[in-house]
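Structure first, commentary second.
Chain naming follows the written order as A, B, C and D, and within any one chain the residues start at number 1.
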Amino acid sequence: MTLFFLIGIFALAPPTAVRAYDTPDDGGGAVTIEWQLSPDDAQLDKYEIYRSEDGVDYEKVGFIGAGRSRYEDETEDGKNYFYKIVALMNTMRIFSQPSQPVMSSAQWINRKKLNIFVALFIFGTFILYFTYYARRGKEFFIRKIAGLQAIDDAVGRATEMGKPILYCPGIGYIEEIATIASLNILGEVAKKCAQYDTKLINPHLDPIVFTVAREIVKESYTKVGRPDAFDPESVYYITDLQFAYAAAVDGIMVRERPATNFLIGWFRAESLILAETGASTGAVQIAGTDQVSQLPFFVTACDYTLIGEELYAASAYISKEPLLLGAIKGEDWGKLIIGVVLIAASLIGLLTKFPVLNLFR
Amino acid sequence: MNISSDPWIWISALLSLAIFSFLYRDNPFYKFAEHIFVGVANGWAVTFYWHNILVPSLFDPLFRQGQILYIIPFIIGMLYLTRFIPRVSWLVRIPIGIYMGYYVGVSIPATIQALIIKQAQGTILTPENFQTWHAGNMGIVWSVILFIGVLCTLSYFYFSKEHRGILGTASRIGIIFVMIGFGAAFGYTVMARISLLIGRLQFLLGPWLGIIQ
Amino acid sequence: MKRTIPLFLVFIFGIMGIIPFIIPNPIVQGTDEFVRNNLLKILAAFALILGLGSLLKVHMDKIRRRRQNWGYSWVLIISFIITSIIGLFGGVAGTGILPTTIGSFSFDVWTIYFNVEVPLGSTMFALLAFFMASAAYRAFRARSTEATLLLASAFIVMLGVLPLGERISPHLPSFAQWIMEVPNVAGQRGILLGVALGALATALKIILGIERSWLGGGGE
Amino acid sequence: MKIIEILTKIDRRIIYLILLIAVIVPLLFPSPEKVRVMPPVEKFYYAIDKIPEEKALIVDFDYAPQTAPELDPMGFAILRHAFKKRIKVLVLSLYVQPLGLARNALTQVVAEFNSAAQTNADSIIYGRDYVFLGWQVGPILAMLSMGESITNFYKVDYYGNKTDTLPLMKQIKNYNNVGLLASLSGSDIPKYWVMYAQNRFGLKVGAGVTAVSASEFYPYLQTGQFSGLMIGMRGAAEYEEMIEKNLNIKSRKKASESLPALTYAHLVMIIFIVIGNIGYFIKRRKK
């Protein structure tokens, strides 16, 4: 038994087929070494990597655990290197045959990332193409969106009941796409309010959004010929603190009992507080945000909810702003391409042996 | 019961209670506590911006070691201040433009790869993807459900056509997937919020009142 | 000029952000790293001025015009100044020129963080548990097919994540896990792809100077 | 019918009180509960466990005090796991608010190990076994720069030492020497690690997130972009379970202790949803 065990040790086989090559798609300064595991891999502690510049004197440059057969070494570009791999068990070291000489260099293009640039080119072309045409006045069709059609009824209902309308744009800054989308919809709601002579309440958290919103509302009143009906006090700034703002809006809901609450824009945790209070006052609620984690509360507690991209589309639809419409159209084509690519790639993946997933790394 | 005698523990406990008082209604204690929160958070930020960033990365090299080139980022950075000087406020667009340009630029390839290409890769029907579920033969079924779900959800967000016919059916199936996802998010959010309440009560019952360990 | 220079900078730095993704050459990578570590990092630090500046401006305005609840703005400003002084002059390790202990009572910036900031922040979100409970009772109704589906999946997940679900049936947690991994991923991924395309469109428009709302006001 | 009338008009203060009782009572009699470990957490555990000895683990603490009760137990459990297995650890925060919580977790866990250590080799020593890189401004800048060189971006560590003088940082130069990055966050940070560090430099990322964003993150687990996913208090409890079972780490199981309270509170929620809906349907039928 002991003898057998000793033979086992002395016969410790070295790793074989050591291959060193310049690491592809990198900025130079690295060589990859690959080898076949030693047949005794299971008993080994680790492998050590030895390097030489002249093929004679080898020095240790690194180590790697047993069972692994690939190592990347840091090198100087333009120099020749030879590699040997050592199987190590306790203090026993068995050297492999040396590799062929190898030299590292920098590449100009990372071929692994080419797929990104192909995709960028395709999506970019569509988006820019439609944006360009939209600016030149071409009109695009966008389907009707349920929440938007409810706006008319909502304003009408408020007028009949003689109650105000609350429009809450959320807590986002002006850079958020959702906030911009919300301001577009606000403009349209304000027009309806001006026509029906319904009181509008529009409280804000961010001073800049507030300034922009006041301009928009004023303009809407002017556009429908009722500049006299615009009440500057209807658009106002409350505070820049999240929960203080939520508390204030809650207060409005309970005191003023608006017939309709619009909760459209960029929301975080306060979405639940607002939607719940609104629901308990019996108001019709129209909500919309692109914050996925807040959407469940809106969907359960509100009558209509604009989900994610629907909010952007709604703002494009209602404002007829060419830049927005063009982008929505371009994105639609993007979705179509994704759908077609998914189906085509699946057919290739199922019917042929072509490694289609590698194209999507 | 072993009520704490540490004044700081008392301060934290009273501040916590001030916030909890919001449950009854908005009140002065709550407002007081919320304003302190914002003030202290910004004071903390100023402290670390100064000690960890501005001094070692800018002022030391510029003023102590005399690396004069650091004057460039210093001047560009100071342009942020012009935001509050109406006549030259447009200058603030220079640092914003530089920072935002880079930020937006790097996001483009990153978005395409991580959010589009890789997500597509996980959806494609191939024998390799069937294995990722570790569900044996059911893997095929899960992959097919996922595939159909993704296509249908995409069609719900397709705005260029009315949702009638096949597109109508697909988008109705899509919204089912979306709602199941929202339901899951809802269920998990319940856990999240209660966990935070538990954390707070553990503090009040523990270090403050000394009722629990 | 007030628009051209910023738009030009956005374009140049936007391209500088994209290029290093595909060109691994050390000249490109080295320049990229240099710009990041020596310019952008310092700009990111100065950006605090914007946030802090507007915050203080809003509250000074509030005090000056005696708006509703202006007294609390003093609370905010004073607590900001005190914390800043302790932090800046007391140092983060308590080694600054300002002493941060009196006898056994210490008031360094860490103590303030752990005893003021942490309890306030975590209690604020703990409140939401209560709102969730009252919302569960008053607002979460199966008023439409969609809401019904949502509630059903929420029920399964809520039970499935608890040890209790395991006792009801060992299949319940697995089912909840399946919901997360299959239908949930399908729905989320559909939304995600759309949002990614939207973000891509916005990013392209900003770099190319088509989308200019970030310029804000301030003249042509 | 009287009962239904009452049940449909419960005052919200009563609801709050019932919830409070449902949480407090189980907390008074703490008894850690066992949970079944689900695949996402199991993956996370093995992703850390299998980090080879020449590589390091980066733990990114990026949660503010607002979500600390959910994410703190995760940070503690991961650090305990890594130190027990003698995995090299780098700790950092990309935002300034979480920095305090990162330092707190690190000092507590290190003290725990060092108080039990007998020899220098047993101890967890700063600069040899772990480094606290602290916080530098610009989250995305950090993610990108560390792919080239960690010490060029983090020129000094949290304590003000020059990072290139620390022995550990001589071995850990960039992401090539990092086995896994564990990102604990209350927001989208794990996604950004994937977008910037993983896409460009091939870094493996594991995510510990609050339960609020759980459903948003699952798509990244299925594609393998996340090497593991830990969700909320339940995920933390599963991880505590894993390290106790496999590594015999006997320490305070904060998340597991909270499970009974979590259970009762969930039941309260479910009951209220059911009562609310019963009332709603009866009312609707009457109309």
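Annotations for the structure displayed:
FYI, a residue touches a chain if its C-beta (ideal position, glycine included) is under 8 Å from a C-beta of that chain, and two chains touch if they have at least 3 such contacts.
None of these values were measured; they are calculated from a predicted model.
The minimal number of chain-to-chain contact steps leading from chain C to chain D is 1.
Closest to the protein's overall CA centre, chain by chain, comes B.
Top contact pair of chains, counted by C-beta pairs, is B-C. Distance between chain centres (mean CA atoms), chain B to chain D: 14 Å.
Look at where the CA atoms of chain B average out and do the same for chain C: the two points lie 4 Å apart.
Centre-to-centre spacing of chain A and chain D amounts to 22 Å, using the average Cα coordinate of each chain. Residue numbers of chain B whose C-beta contacts span two or more other chains: 22-23, 31, 34-35, 38, 41, 44-45, 48-49, 52-53, 57, 103, 106-113, 115-116, 118-123, 146, 150-151, 154, 157, 178-179, 181-186, 188-191, 193-194, 196-197, 199-201. Shown for chain D are the residues in touch with two or more other chains, namely 16, 19, 23, 39, 66-69, 97, 100, 136-137, 144, 199-200, 211-212, 214-216, 219, 222, 232, 234, 262, 265-266, 269.
Touching of two or more other chains is recorded for residues 21-22, 29, 36, 40-41, 44-45, 55, 69, 113-114, 117-122, 124-125, 127-130, 132, 134, 136, 138-141, 146, 150-151, 154-155, 158, 161, 180-181, 184-185, 188-189, 191-195, 197, 200, 204, 214, 216 of chain C. Here chain D touches chain A in the complex through residues 52-54, 176, 212-213, 215-216, going by the rule given at the top. Contact residues on chain C toward chain A in their complex (touch as defined above): 21-26, 28-29, 54-55, 58, 69, 124-125, 127-128, 131-132, 134-135, 138-141, 146-147, 150-151, 154, 188, 191, 193-195, 197-198, 200-202, 204-205, 208, 210-211, 213-214, 216. By the touch criterion stated above, chain A contacts chain B in their complex at residues 113, 115-117, 119-120, 123, 140-145, 241, 243-244, 247-248, 250-251, 292-293, 295-297, 299-300, 307-310, 313, 317, 328-329, 332, 335-336, 338-339, 341-343, 345-346, 349-350, 356-357, 360-361.
Of all the residues in chain D, the ones that touch chain C in their complex are 10, 12, 15-16, 18-19, 23, 33-36, 38-39, 64-69, 97, 100-101, 104, 136-138, 141, 144-145, 148-149, 152-153, 159, 199-200, 211, 214-216, 218-219, 221-222, 232, 234, 259, 262-263, 265-270, 272-273, 275-277, 280.
Considering their complex, residues 13, 16, 19, 23-24, 27-28, 30, 39, 66-70, 72, 96-97, 99-100, 134-137, 140, 144, 155-156, 160, 191, 194-196, 198-200, 210-212, 214-216, 219, 222-225, 231-234, 258, 261-262, 265-266, 269 of chain D touch chain B.
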